[in-house]
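See structure below.
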Amino acid sequence: MIRRVSCLSVTILVLLGFAPGSELRFCLRNEPRTFNPLLVEDDASETVRYLTGGVLVRSNRQTQKLEPELAVSWKLSKDGRQITFQLRNGVSFSDGTPFSADDVDYTIKQMMDPALHSPTGDAFRSGTGTVNAQVLAPDRITITFPAPVAGLDQLFDQVAILSAHSSNKEKAVLGPFMVADYKPGSSLVLNRNPNYWKTDGQGHKLPYLNAIRLDIQPNRDIEVLRFKRGELDLINSLDSEYFDRLASTSANLVHDAGPSLDSEQMWFNQVAKAPIPDYKRKWFRSTNFRRAVSMAINREDLSRVVFNGHARPAIGPISTANKFWFNQALKTDAYSPDAALAKLQLDGFHLQNGTLRDAVGNAVEFSIITNAGNKYRERMAVLIQQDLQKIGVKINVVTLDFPSLIERISQSFNYEAAMLGLTNVDLDPNGQMNVWLSSSENHQWNPQEKFPETAWEAEIDKLMREQASASDPKKRKKAFDRVQQIVAEQAPFIYLVNRNALSAVSISVSGATPVILRPQTYWNIERLTITTETARR
Amino acid sequence: MSFIRKLACAILVVVIVAALGANWFARADYATQFREAPNAPPSRAHLLGTDDIGRDRLSRTLYGTRISLLLAPTAALLSTLMAALIGGVAGYLGGIWERLAMALTDLFLSLPWLFLLITVRALLPLNVSPFVSVVVTFLMLGLLGWAASARVLCAGARSLRNSGLLLQARALGLHGIRLFAVHVVPNLRPILLAQFWVSIPVFILSEANLGILGLGVAEPMPSWGSLLKELEGLTSLGDQPWRLVPLVLLILVVTSFQVILSSEEVTA
Amino acid sequence: MVWRIIRHLLAVVAIVLVGGLACATLVRFAPGFATDEQQLDPRLSAESLQALHQSHQAERNILRFYAGYMKRAVRGDLGISHSLNQPVSTLFRDRIPVTLRLVAAGLALGWAIALSLALTTALARANAYSLVAIALSGALLCIPAAVLAVLSVLLNTPGYLAIALIVFPKVFTYSRSLLSRAYSSPHIIAARAKGLSALRILFWHVLPVTAPSLLAVAGISVSLALGAAIPIEALCGLAGIGDLAWQAALGRDLPLLVNITILVALITLIANSGADVVGHALRGQES
C-alpha cells in the first residue's frame, strides 16, 4: 500500500512537471575564501559549508528548534561543560568512507587547535584549558569543555564534520551536496551527494535536486536582471528597492519574512587616546549627549524612506524577531527634537542662531564615517545629517573604503562617529560577548579597556560573564535583559533599524518557505525541487 | 557664425546661466528632503522628480552643474598643461630627456594611484568642507591624468623637432623656449585640445567613483558625477527616464564645447 | 634598430622592477594596510585576532618583502593571494587569457570604429556628419563604464563591445584632431588640387605624417582598455585580471597587487615601446 502511494506520489509529481533532479541556480556575492568548513568566515564560504557540511544537530530555521541530524540524540550536563552525542549508524561520507565517532573526535581536535584559529572553534572557547573529546563507542562521543559554554548544543549547528580517515579530507562531506567544479571568479557547481543519509517520508533519497550552480556575481542590479530573465532561481538576500521593483511585476516571487536579526547602528568614539579634540571626547562620553542624538533621529523615516518600509526601528542589540531574547520591556527612543534639546541642556548645550553650542561655546559639529558602496548606509547618514541639523548639529558624512574604515575604528581611532551594521547569525546573544566585554577588541566604542572605565560597563562585563556561565535559560535571559536595559539607558550604540529579511524565489522552485534566519530561502535545501524546463521559461 | 555653432553657444549660455542662477531657478535647496515623496516622478512641485531620499532633482542638477562645470575643466586644463610640459618638452629635447620622461610616463601609467588617493583622504581632516573635498579631488585628478596624452604629445613634438618648419625657425635665430612656445606648442594644438575634451567627462565620472575612497563631493552637495551614479541602477530606467537628464545635459555641454572650439576643423 | 630594441627591452625590465616596488610602497603606506574584515567578527578570540594581525608581519618591511618576492618569482612562485587564498600563478593562469581576449577584441573593434569615423569626418565636407560623429563620441565619453557594462548584460552583448565603446571616443577624439589637422595642411590641399586620389593622399601623405602620433595613441589605448576592463569584468561576471585588480585593491592584497602592477606595467611598456620602435622605423623609412 505504502509502495503504491509512493509510486502514485512520484507519478503525480512528474505529471505536475516536477522533474526529480535538475539544477538550482543562485548567486554568491563574493568568491569563497575557503572550502575548509572550520575556517569559514565570509558569507560565500558559509553558503558552501551549509550546502555540503553534515552537522550533528541542525537548528530548524523555520521553527528555531534544534533537530537531530548526524546525532540522533544528545545530552547536556547540568553545568553546561559537557555534551554527549549518540550518533546515527549506517552513514557514509561522499567518498564512501564510513562515518563514526572518530570523525567527530578528529573534527573537534582540529577545530580547537589553537594554531588553526578557527572562528567556529572560537565560539566554543569559554575558558582556558583543553577541550577533551572521548570516544565511548563507534556511535557515541562525549566532549568536555574547561568552562561552561552558553548555548552549547546550538553551536554544533555550525560544525561540519570532517573525515578522519578519508584521503580526501575537505572534499569528503556528509551534507546533501559536494563540490564538483569550481571556476574561480566565475562559478561553483555542487553535485548531489550520492551517499547522503537522509530520506523523505516516502523513503526517497534526498536531496531532490541533482545539482546547485552558484555564480559569482557581486553586482545586485545584474543579479536581479538575471533573476527576472529566469537565469537564476532565487535571490537569498534581496535589497528593498529591488524587492519593490520585482513586487510591482511579480508579487508572488518576492517574500518579506519580517524583521531580521541584523541591525544598523552608529556609535561615538570614546577612546581616551583617540586623536580627537578633548571637547568632542567630552561630548561623546556624555550619556545625555548620546541619548539626545538618539532622540533626534527619526527612525520611522529611516525605515520608510531608506528601506521603503522594509525595516523596523531598532530598539537594542536584539531584534524584536528574536522573541525569546528580546527584552519586551524596552521601547525605542521616540523621535523628538524638543526632548533631545532638553536633554542636551542638562549638559550645558544651547542653541545660538540655529547652531548648537556646548557650555564653552564650541559649535557642535562632527563627522560620521561609514563604508562606501553601501547605499543604504549612505542614505541613512544623509537623513541623520538632516535630522540633527534641526537641533543645530552639523554632521559631515564621510564614506570610506572598508579597509580604511576598519583601520580608523580599530587601530588609529581617528574618527568621531561611525555607522555600521551587525549581522547576527544565531539567536543566542552569547555570540556578541566580545562586543560587550570592555576588554575586548570588538568593544567598538572603546576597545581593549584595561579595566571598565564606567560603572555601567563594569556591570555589563559582570552580567555577560554571568549569562555565559549559567546553564538555566531563565537565568541567562534575566542577565541579558539587564544588559539590554543598560544599553538602552547609556546608548553606547545608537540602534537605528532592523532590516527585514527579503528574498525572491522563482515559481519554478518548489518547497521554499523563506524565513528570517540565514540562509533564508534554501535552509531546507534537501527538500527543494525544480519544475520542468518549460515551466521555468 | 554657422547655425550649429550658434545653437551650441545658446545651449552653453542657457546651462551656465541656469547653473549660476540656481538660487533663483531651483524651487528648493539641493539638500532639502521631501521625505513624503521619495523617488517621485516629475510634477509641478518637482519638475524632474525627486531622488531616493526625496531631494528635488532639478535643484540638485542645477547646483551640481556649477561644481562640475567649474572644476572639471580646470582639472582638465591642469592635466593638459602638465602633459604639454612633460611630453611636449621631452619630445622637443629628445635624447636622454625624452627617454627618461617616457620611462616616467610609462611607470606612471602602470601604478595603482588608488592608494595615493586613499592616502590623500587619510591626510585630510574628516571635517573638511564638501567644497574643499571636491577641489582636492579634481586637483588630484588633474595631477594624475596627464600621463596618457604626454606620450602622444611627445610623439607629436618629436615629429616636429626635425621638421622643415623648425629648421627654418632655427635658421632665423629662434631657439630654446621661444622656439618651443611659438612653433611647437601651436602645432600640438590638436592633441592638446583632444586631451582637454576627453578629460572633462572622464574627470566628472572619476570624481563620482572616488566617493568610494572618501574623496569627491561630500553629501549633501551634488555633482554631475554623483547624479550620473544613479544611472547604475539602469534596469529601472524604463520606469524613470527623467534620471537621464544629467547625462543628456553633460553630453550637450561637452558636445557644444567641442563644436564651438573645433569649428575650423569641422568646416575644413 | 636592434640596439634600439635591446635598449627598449632593458628599459622595460628596469621600469617593471621599479614599478613593482613603487606599487608595494604605495600599498604598504596607504591606510587600511594589514586590516581584515575578519577583525570585526565578534566570535574571534583574542588569540585569533592577534594571529590575524601577525599574518601581515612579513609585509611590513617593504624592501625585505620585495626582495623575497623577486627571489621567489624567478622560480615561478608568485606568492599567495591572501584575499582569495589561492596561489597568484593559478589565478593568473586562469584569468589572463580572459582579459587579453576581452582587451584585444575591444581594442580592435574600438580602433576600427574610431579610425573609420575619424577618417570619414576628416574627409567629409558635410558638417552634419562631423557633428553626429562628435556627438556620438561625446555621448559615449559621458556614459559611466558601469552603465555600459550593465547595458551589455541587459542586451546580452559581449563584454568586448563595452570595452570598444569606452576606447572608441578617446581614440576618435585624438585621431580626428590629428587627421583633421593633417588634411588641412597646405601640401595636402595642394595635392588635392592637383587631382591626387583620396587613397593616395591618405596612404602617401597623411598617414606617414600622423603615424607617429597615431602609434602613440595606439600605445596608450592599451592602458585605457586595461583600465576599462576593471568595471566591465566585475559587472559582466568575467573572471579576468581587471576584476581581480579591483578586489585586490579593496582588500589591500599586497602580493596580488604587486603581481598585477608588474603585469600591467609589462603590457603597457610593451605596447608603448612597440609603438616607439615602429614609429622610429617609419620615420627612418621616410627619411
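For reference, chains read A, B and C in written order, and residue numbers begin at 1 within each chain.
The rule is short, and it goes like this: contacts are C-beta pairs under 8 Å (C-beta built on N, C-alpha and C of every residue); 3 or more make two chains touch, one makes a residue touch a chain.
Everything numeric in this text was worked out from a predicted model, so none of it was measured.
Two chain pairs, B-C and A-B, are compared here, and B-C has more C-beta pairs in contact (counted per touch definition above). Each chain gets a centre from the mean of its Cα atoms; the one farthest from the centre of subunit A is B.
Subunit C has its Cα centroid 40 Å from the Cα centroid of subunit A.
Separating the CA-averaged centres of subunit B and subunit C is a span of 20 Å. Chain geometry summary: the mean Cα position of subunit A and that of subunit B are 43 Å apart.
Counting only residues that touch two or more partner chains, subunit B has 118, 121-122, 232, 234-235.
Contacts with at least two other chains are made by residues 31-32, 150, 154 of subunit C. Shared interface positions of subunit A, defined as residues touching 2 or more other chains, are 221, 225, 401, 404.
Contact residues of subunit B toward subunit C in the complex are 2, 4, 99, 102-103, 106-107, 109-116, 118-119, 121-122, 148-149, 151-152, 154-156, 158-159, 189-191, 193-195, 197-198, 201-202, 204-205, 208, 228-229, 231-232, 234-235, 247, 250-251, 254-255, 258-259, 262, 264-268.
By the touch rule above, subunit C contacts subunit B in their complex via residues 11, 14-15, 18-19, 22-23, 26-27, 29-32, 122, 127, 130-131, 134-135, 138-139, 141-147, 150-151, 154, 169-170, 173-174, 176-178, 180-181, 183-184, 209, 212-213, 215-217, 219-220, 223-224, 245, 249, 257, 260-261, 264-265, 268-269, 272, 275-276, 279, 283.
Contact residues of subunit A toward subunit B in the complex are 221, 224-225, 228, 241, 245, 301, 304-306, 365-367, 369, 372-373, 375, 378-379, 381-383, 385-386, 396-401, 404, 414-416.
Against subunit A, the residues of subunit C that register as touching in their complex are 31-33, 35-49, 51-52, 83-86, 90-91, 94-95, 150, 153-154, 234-237, 239-240, 243-244, 247, 250-252. Contacts from subunit A toward subunit C in the complex involve residues 31, 33-34, 41-42, 114, 117-119, 122-123, 125, 183-186, 215-219, 221-222, 225-226, 401-408, 410-412, 420, 431-435, 440-442.
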